[in-house]
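The letters A, B and C name the chains in turn, as written, and every chain counts its residues from 1.
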Amino acid sequence: MSWAIIQQSLPMFGKGFVLTLWLSFVGIIGSIIVGLICSLFQYFKVPILHQIASVYVEISRNTPLLIQLFFLYYAFPVIGIKFGAELCGIIGLIFLGGSYMAEGFTGGFNGVSKGQVESGKAIGLSRWQLAKYVVFPQGFSLSVPAMAANIIFLIKETSIFTVIAIPELTNTALDLIGMYYRSNEYLLVLVIGYAIILVPLSIVLTLLERRVRYGAFGN
Amino acid sequence: MAEKVLQVEHLEKSYQKKHVLHDINFSVAQGEVVTLLGPSGSGKSTLIRCLNGLEVYQKGTITFEGQKIIPTEKNWQQIRQKIGMVFQSYDLFPNLTVMDNILLGPTKVQKKDKATARSEALALLKSVELDDYANAYPRELSGGQKQRVAIVRALALHPDFMLFDEVTASLDPEMVRGVLTIIENLANRDNMTMIVVTHEMNFAKQIADRVLFLQDGRILEQTPSEQFFTAPQTDRAKVFLDSMDF
Amino acid sequence: MAHSGISVLLEGTNFMRLLGGLWVTVKIAAVALIAGIILGIALGVLRTFKNRPLRIVLRLYLEFFRVVPTVVLLFLFYYILPKQMNFNLPADQLATLVFALWVGAEMSDIVRGALISVPKHQIESGKAIGLSRFQLYWYVLIPQSINLEIPATINLATRVIKTTSILLLISVMDVINIGQQIIEANNHTYPTGVFWVYGLIFLFYFLIDYPLSWWAKRLEKKRLERENG
């Protein structure tokens, strides 16, 4: 183990680190938006769109990100649709994450108890009012643990971007190992890189989960 | 004979293969208090839930205030403002304060002016001795207090008719009295028309004008209260009364 | 267009080769799951014990495998085992080992979560009739926690199957690796072949994972219905 080698590699890892963060951030925001839209289609049973959302969720959840990326990056250009690697990565991550988020929101909405829904109906709330005042506020709190798990999952999935040569953390490490044959040092930095992102994040999300649990529930 | 507020004719209900209500016929007059009694699983709760559109029924008609109800969700939304309902599980909305729980119906459904609705709500809370809790969240309340708020939440819509479904069944014994007193006052003082499902026999005896006795999804007898508790017409009702401890 | 890309699948032994690759993928996933589940059950039970150092060690093991992306785990073992420990394994066995350890970590959390969700009075009732610790787990806790564990375990299996797609990175001859070889070999004759080969692999994964997730969802729904009466 050589500190000099680690030190020399830090600027490159720094770039990879920032790229991992950035791609994760965009991917997670996009996933939440796509997931929310799909779960709303499903909740309100919007004709046609709700079936489309269900098919999308099943396809996306049951196939690996790696193949989704290969499709976007290698197969689509053949039929004339071409994106850069980073855009492919973001689209792929949103395609994958959207279904996970949709399942999280839907699980939250379905988790609101039957008694709550009936109480809302009993005071004459319309379907939309019921959603707005009863199901959504409670459903979102109930979906926080799933959201937290999805966020961490999606950040880790960015490591797969290495297969289409996006220079994020994992790709940076593999490149360096390939060039200089020093695996111990680079792997150590790589693991620390992910730990810096994921350990604090998972602590924050656990605290948030607890707050939500003790805050909103206990009817 | 007072005016019939609610009339149920030939109501039939089944879940998949199980037939749970058979040819239910009865009516309720203005100001009358009807209690539904019967062993558990007899269909009392299902019946009272049908009257608020929470269960789908296959046959029969329900007529409310002279209007035959066409059972669509939209129609029920209108009718539920006239027929209040309180549940065993009280189910206050945990994300809203006591006051907002009560105001939701009047301000959002009935579009009442917020200030008026609020002063009405406060008066109602005062009548159940909970005006100090207006800004509390449901989790800060005991079960009995929650149930009192749930009753206020239903009353805030100024319903003509109230349905109470086992409202004391999940309360600690010492909380039961307070809730029952509110219902009694509602019946005696405010002359509210209501249907009450309960296991509290003394309460039923005291409050009911008439008893509907259900078993296996059928109404076996409809008798004025005094007569039901002293001289029931059917053997099944006798057995039922003997089994109850009161 | 002289050739339709779909013909690439029918050319020679291509389709059979892809199926062979799929078999490698499935085999690795299956062995890793079986070994990992057994390991995870043992660790999960240990994590419910009162012994603090043991619990901390096992918790660290779990968190490590949870924080580090599976791709990185794979490379850690790929580089470090032979170099530091002089322990050489063929790539497919190495992958099986990594996946089994990962499954073991995740499974330990599923098992622990299910065990501690069994109501306390069940444990007390068990103790009250004089059950030993082993008997308590064997007759009371484990049977009651299984309904909670099975859907989560099936979901874990679908994740493992999807994650096998990264085997390519350490040159295991899995379905994707063989797919790439076929695409490269036929690039000139069938330029659109890439679409069909990846399409078929996509479909393979979907056909394995979709029934599993459907099953898990159904079990979970049934369990919730049972619980809510």
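The rule is short, and it goes like this: a residue touches a chain if its C-beta (ideal position, glycine included) is under 8 Å from a C-beta of that chain, and two chains touch if they have at least 3 such contacts.
All values derive from a computational prediction rather than experimental measurement.
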item: Chain contact topology (line, ring, star, complete or other); value: line
item: Innermost chain by mean C-alpha position; value: A
item: Pair of chains ranked first by number of touching C-beta pairs; value: A-C
item: Averaged-CA centre spacing for the pair chain C and chain B, given as whole angstrom; value: 52
item: Inter-chain centre distance, chain A versus chain C - centres from mean C-alpha coordinates, in Å; value: 19
item: Chain centre separation in whole Å, for chain B relative to chain A (CA means); value: 46
item: Complex interface listing, chain A residues touching chain B; value: 113, 115-116, 118-127, 129, 133-134, 137-138, 141, 216-219
item: Residues of chain B defined as touching chain A within the complex; value: 52-54, 73, 76-78, 80-81, 84-85, 87, 89-96, 104-105, 108-110, 138-139, 146, 150, 153-154, 157
item: List of chain A residues in touch with chain C within their complex; value: 58-59, 61-68, 70-71, 74-75, 78-79, 114, 156-157, 159-160, 162-163, 170, 173-174, 177, 183-184, 187, 190-191, 194-195, 198-199, 202
item: Chain C residues within the chain A interface of the complex; value: 5, 67-72, 75-76, 79-80, 83-84, 158, 162-166, 168-169, 176, 183, 191-192, 194-195, 198-199, 201-202, 205-206, 209-210, 213, 228
